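What follows is a pair of complexes built around chain A, which joins chain B in one and chain C in the other.
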Partner chain A sequence: MKRAASAALVALLALAGCSQRGSADGSDWLAEATRRHALADELLDRGDEPGARAQLVAVVDGRAPRGQLDADDDRRRVLQDTYYRLAGLDLRGQDASGALLHAGRGLTLGGGQDLFVANLLVVRGAAHEARGEAPAAAADFHAALLINEQLLAASLRDAGGAP
Partner chain B sequence: MNHDDDAPASQDELREAAELAASLDGRTRAPESLPPALEAAVMAKVAPLLDARRDDDRRRRRRRVALASMGGLAAAAAFALVLSSTLRLSAPRVAVTTPPAPPADLLAVQARVARGGGAAIAALDVEMRSYRRHYHDQLLRRRGGGAP
Partner chain C sequence: MRLVAVAVLLLGACAASMHPAPATPPSTVPAAVRDDLTRAEQELRRLDADVDALAAQAAPPDCQRVTLLRDNICALADRICRLTEEYPQETTLRPRCTDAKQRCARAAAAAKQRGCGA
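On to the complex of A and B.
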């Protein structure tokens, strides 16, 4: 009976420990993701495309924790950017279906009208184009352009170049 | 009352004495005891039952103590859990990291790709590299992780 009580206590304390660790894992995941992106750049510079892809796949396969609500947008952006890069590598390798898949996965993460979503739309449009799917490509390019115009307008506004 | 010790007792006196004896007998009767011949046999039968009952009592007492301590431990752990989540909720949240504004060159290349210039994707990748580095540095700085 005492053993059961000790086991219950240990389990509860472990549970408490796990719930405490969320934020730490969030930072760890982010640091790991940025490290892998930098490594993927180096590998691409050396012509090691499979190596770079492996690094990027590790980012999306890693457990990106949903710790703090505020951090979720960062998590989403980093993941979407990774999917964009994977789709770009697919396109380079003439794998339009792979590019569609990766871009689609990135877009299912949601998000607003930002650069990362626009990049995914652009790369998905290019994949559709490569597959001869002109209407789908046009729709994606158009959606990307709408976001791009908003970003450009905001950029000009911030720079004082527009009202 | 005039008593004559040698005189035979009256019927009433005999009845009273009998009642008194009976009542005294009832109050002061010693517990019935077994005949010594049977005592050993009865004890042999009864002893295991008594031992079992004593064991049951002891087990029940131990179970009560264990349950009480387990309840206490569970309450303490639940309190720790609630306290930890409360502390986490009241801790300052990580600020939303607004990504750096994309530079005009990057947006121009992105627009070029979106207008059907698939070949410009390589140029977009180049622009994105430096933007990405900038964004990641900012993310890590805000979270206190330092640059990789």
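On to the complex of A and C.
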């Protein structure tokens, strides 16, 4: 599934938009997460997968801000996107169990019907698929499909007409 | 726009019934009829402006997002159906594949209807 113009970028930009409303801790955390995601991209481009993974692990292990509604939702998105990327790296390394673990952690952060949750469902489905668990894989793919469908309906409705 | 078209037709029919042939110059049109025509023209202009305003309010869809979501839906449907073929013994998969394919077709039709993608 395509990542909607880099889900990470969308999340981090969204957070940037909210950072002035959030605390100084939130802004610092955003800056650090942004820096680490960008660094992970560079490392991946150079073929340094362990290095990229270390940057992403540092994001999820870092002290993320809590307390304000907007900051909490942005925090959730950034963490979910980070878990999505970690699960993707697990799958590339043939570690389906690791992918299941990371996707599961991302999904336990909750959230609504957005592409961050859909991406996690897709990567978890792929992990199930790699383990030969076809019904579980299909269930996750189908759940992700339904989220995309709802988002499509909302996009068309917002534009002034139901599909 | 349909309102305007109807109004134009009505006006035309009305004018035709009152003036079977344009044999007489406009100055000979009775004042009452001329006033009616003037009011009708004003109403037409107002309706036209209303239609233009409504058209301006209906924002076009974000086709980049719409096609992305449509493609996601259809890619996921493909993955589900591929699983169905790889695991024919799993009876729960076939209905999911059928449902997903239908949703893909609906998404494609909706996107196309709104002018997004082929």
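The rule is simple: the second predicted complex is superposed on the first by the 131 of 163 C-alpha atoms of A that agree within 3 Å, B and C clash if a C-alpha of one lies under 4 Å from a C-alpha of the other, contacts with A are read in each partner's own complex, and residues count from 1 in each chain.
Throughout what follows, a contact is a pair of C-beta atoms (placed from the backbone, for glycine too) under 8 Å apart; a residue touches a chain by one contact, two chains touch by 3 or more.
From a predicted model like this one, the values you see are computed outputs, not experimental measurements.
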Touching partner for A:88 - first (chain B), second (chain C), both, neither: first
Contacts of A:61 with chain B and chain C, given as first, second, both or neither: neither
Dominant toucher of chain A (residue count), chain B or chain C: B
Which of chain B and chain C A:114 touches, first, second, both or neither: first
Partner chain(s) touched by A:141 [first = chain B, second = chain C, both, neither]: both
Touched partner set for A:129, first chain B, second chain C, both or neither: both
Which superposed partner A:152 touches (first chain B, second chain C, both, neither): both
Touching both chain B and chain C, residues of chain A: 1-2, 4-5, 118, 122, 125, 129, 137, 141-142, 144-145, 148, 151-152, 155-156, 158
Residue ranges of chain C touching chain A (in the complex, touch as defined): 57-62, 65-66, 68-73, 75-77, 79-80, 83-84, 86-87, 90, 92-93, 96-97, 99-100, 103, 106-107, 109-111, 113-114
Of chain B, residues touching chain A in the complex: 62-63, 66-67, 69-70, 73-74, 76-78, 80-81, 84-85, 88, 93-97, 99, 101-104, 106-107, 110-111, 113-116, 118, 121, 124-125, 128-129, 131-133, 135-136, 139-140, 143-145, 148
Contact set on chain A toward chain C in their complex: 1-2, 4-5, 118, 122, 125, 129, 134-135, 137-139, 141-142, 144-146, 148-149, 151-153, 155-156, 158-161, 163
Chain B-touching residues of chain A, taken from the complex the two chains share: 1-2, 4-5, 8-9, 12-13, 15-16, 19-20, 22-23, 26-27, 30-31, 34-35, 37-38, 41, 68-71, 73-74, 77-78, 81, 84-85, 88, 91, 114-116, 118-119, 121-123, 125-126, 129-130, 137, 141-142, 144-145, 148, 151-152, 154-156, 158
